[in-house]
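These notes open a run of structures that come right after.
What follows is chain A paired twice: with chain B in the first complex and chain C in the second.
== the complex of A and B ==
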């Protein structure tokens, strides 16, 4: 071997060592966390809202903020010398296959120590499977399919409530209403779009209706792209329900509202979700959407009872120029819960992080949501996660339930169409 | 000359075998697996679209049929997906004949439209059929460890890589054999001009169905492979119209009507889309998709006969 070659070899070897050392040094300063969201395709607008929620959470973790929120008053991760969290975002394109591939890439090529987010249950299903295989903790706060936490995964945790909790909360609310207004509301009608989400929601509602002793008087699936729903509404009308529980996307929520009015279908308690929360719903139906009770996890008016919500909303407004939506607020939670766990673990070892995640017990006043806190059960579902219910009054959403967080009194019964 | 060509193929195959060991990075391996899968799909399409002149825009239906058949057989009867894969291929042949027979008079655009409609029907059917999981899709129970019987490998992507490579090469081999055979001449005659072929005594309906059967079978096998790789299938991921379009795009981009054209198409387009997404996807600006689209545009303007036209001297 010539001298030149030997020198070259030495230089290469040295630079490799330096590179490796640099990598180690780098790793102690920045902690990479992966997040897969639908950033292109038809759900991209929602994916971007999720991303904003995550970004704000990371700002709060890495900077010093005078907020009564976990990880806010310190900079970075104190137990790791103030190391900063960096989120590496990847695009799932709304596809389970891409979500899985991107999760794998983030873990094996970007060397993220944990994963957050996902938004769509179908994508979380495959992305979290990749994380589980590669033994990387995954903290979710924005997908609701109950199946996700029922696979016996070791490294997967969910902070937000799922559709089982949603169904239970609906019936708890109806029971509370019965007590408050001293009136029986036992006849329940289920109306839902017939794909993945809607049909799973209905299955849960059926189960809880039985548990709570309610009677299902109508059980009506429909295709969310339908252009005429007269027969569905006539069926509803003839079943004479006390309560309507509707699981729609936005366009069908609008169509049903218009058809209810046209056919004069009146129901004392009108409950909805998802599509009813879309800003476009109120815009298109105007006053006809009044008094619908909608499930949510967050509402800016909660600032009244929880000043923290107002403060975080101000930060969000400053950064993005508009109010924080329920979608962004939901995604905001996972990075904080994860950062808190990393801090308590004082290590980036996946098993150490997993261990402290299991011990997580964050009190309610340290999180953004109006929950009792964060604590995981056997299947790693946050037991304190619950929904709030908001009612549309005067063209805005107002929190009406649980009673202790309500900002406004619930209007009941919904006035008949001819008396509005 | 022939001998030299063989050697060339042997070297390529050896390189393909060594590749994942040298580049032991899961994402690189994932991209390679996707190249094999799309190569296989594009090559299958090549039989009908490239040689026989039947422009099918509904291949996703057969892909989905393969994915659903093997997954259902495994979930319901515990049958190994290896057999399920072949069963899926056979079901796809049956479906291909069922749609191909009534459409045997349709040509060109009309055949294309019929296949689009067929794929949509299958999509809507599966979205609403609770036995196959409806809109929720199916996810087989995850095996606790690597299992050849369950066709699931957790610890490494290498098995998927080699199975994918094998399936793609098998597809190329079979297609090559068929095309070089007498049947292949009939198929090409169909593609050139149906009337002339018929006047020379080629049984058009029969050879159309043969062509459709070959394409359906391998497309379905790729579908089963996909199902075992991702372990979660639902109508939007295995029965999407977009998938049908991708298959045609890759085959045309590489050069349809040639044996290696579709493989070249997959070899260029799949890594391009995957890496563009890995690099720019996280910004959420859609830049990766624009770059992908731009490359396809440039090629279709300057190389309308596909990438292989670089290698064919005329």
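== the complex of A and C ==
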């Protein structure tokens, strides 16, 4: 063996030893948390936004920030010697099957102590099933199917509002609009993607429409990867609705908007969710997306009533170069609530974390959202979570409802396509 | 359901179906000549859409202007893909042939996701490409009309080309009987490469024109690819006019069926039709 080779061998061996030692020393200081998001596939752009929200939250937990937010003023988890949170991301490819397999992998081979996120209800449903079976706490803040918290799971908690609250808020808004503009808006059309999320949204809307005395004039499920939606829009058109309530992901939101314009489908009140909130939507459809009223839990213009929102938005802007979207803001919450629980538990034991999660009572001024706080009821749903409605005006989202937090006047009715 | 909506559904079905035909035609030629299932067909459509987006972004080409460029680039790509990838497995087992194009499709999706992120993009068109017209309450969008006309032109050209040129006849001969074609002095390797090129050129044309009214993302080819498989199976392997006619039928079933039976069932209708046809006529309407 030449001298050079011997030296090289020594260096390699030494670095391996150092690396191993580093790993041992480091292991006690890092808490691994798993997150499954659609990072490839047709919902990948939205998955990326969720991931950004989670990453910013982790920055705030691990660093020291002068923000009036839980876990911001301390570094890491103080009760565990300042241990840092590390998120291990996995790709669900938008598929419930892959999501579940990845959740299992994160838990069994990456040894994460808890899970957050998921975004698609269909994926969260299977991923959280894996977590529950392996007794790992799962804190969700970005999927909304009501069914998720109605399975009697012990380790599953949801911070954000679900679609029961959303459906009620939608009809409350329509009623408020009827009063404000003195016009009957009783004919409602439901349009929704046909997986776990969209179909459960529609189920809730049907229920609340009955409760509030609205008439469902069209009820249209569709496949969100469709190449063409002409027949769906023609059905809508012939039902002549006053209000459209649409539950899409982003690609179908774009396709429907283009088809509405192409076939001249006009509706006085155009309401949407999720896909419409993805910045890719406005970028792709441009002016054609104007006046859609979208449900959200967050909007940068709320900084006017809650300065914390402005500060966090600035941090986000510095990191990613654009405003924080409602989607990123929603995913931002789960890591904070989880870190707070781990801190209070002072332990990584799943049952200890679960126990303190149940006792969670975070006041409204310590969280990003404009809610009264975070407190879980017996099905582990945050009782203080609620929605706001934003409207796209001039290529931006503006808060328009509830009236008392509105920054801008709602534009109604939506002008016909030929008058835009 | 009033008549206007019914007519609208029929017109929309036709305008939807014809461009499907252009995509399927390419698949049909490749399939017919080489007996290879090109699983990456939808992904090549995606590639041509990104080419159109690039030409638009850097040189303000309108999608119509990028048709020839995209067609030529995709033709070259097809030639190279055949020469350096597909030809290697031509004599190998069937499974290798399936896996090679399948792998290519996953590779292209991954590559474009890496290069351009998963974001949705659109080509901002102006002038006639952004307009639609209203004929007695039936809305017709110009870009779709243009796409349909181009499909018809390409169909007529290819049919003429196959019957009336030496190269076309060589392709047909190889399609019918490879061994005899070889004995007659036809360079079948060259025919294969040429057919792969022509097949992808069709997709190049379709992708360019589709960009004027469809969004672009690394996964846009998935359903288009699947639809073209069904169309080819329906129209008959290797048949150009068969592919176009089957595409129109599929477009009508999707659109008209969606309106009459219910939008939720439209893909179920399309695929049931496919199943029925392969039961009755396994080689498709116009197959050899």
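Structural remarks
One rule holds in what follows: the second predicted complex is superposed on the first by the 270 of 420 C-alpha atoms of A that agree within 3 Å, B and C clash if a C-alpha of one lies under 4 Å from a C-alpha of the other, contacts with A are read in each partner's own complex, and residues count from 1 in each chain.
Operating definition for what follows: a contact is a pair of C-beta atoms (placed from the backbone, for glycine too) under 8 Å apart; a residue touches a chain by one contact, two chains touch by 3 or more.
These numbers come from a predicted model, not from an experiment.
In the superposition on chain A, A:280 contacts chain C only, with no contact to chain B. Applying the stated contact rule after C-alpha superposition, one finds that A:48 touches each of chain B and chain C.
Using the contact criterion defined above for the overlaid structures, shared-chain residue A:237 touches chain C, although it does not reach chain B. In the superposition on the C-alpha atoms of chain A, the part of chain A touched by chain B in one complex and by chain C in the other spans residues 40, 44, 47-48, 194. Only residues 40-42, 44-45, 47-48, 194, 220-223, 225-232, 234-235, 237-238, 250-251, 254-255, 258, 262-264, 280-281, 283-286 of chain A touch chain C when the two sit together in their complex.
Those residues of chain A that touch chain B in the complex are listed here as 37, 39-40, 44, 47-48, 51, 88-91, 93-98, 100-102, 104-105, 108-109, 122, 125-126, 129, 133, 151, 194-196, 199-200.
Contact residues on chain B toward chain A in their complex (touch as defined above): 25-27, 30, 34, 127-128, 134-137, 139, 142, 154-155, 226, 230-232, 234, 236-237, 274, 277-278, 281-284, 286, 288-289.
For chain C in complex with chain A, the touching residues are 1-2, 5, 8-9, 12-13, 16, 109-110, 113, 117-122, 124, 132, 134, 139, 141, 213-215, 217-219, 222-224, 227, 254-259, 262-264, 266-267.
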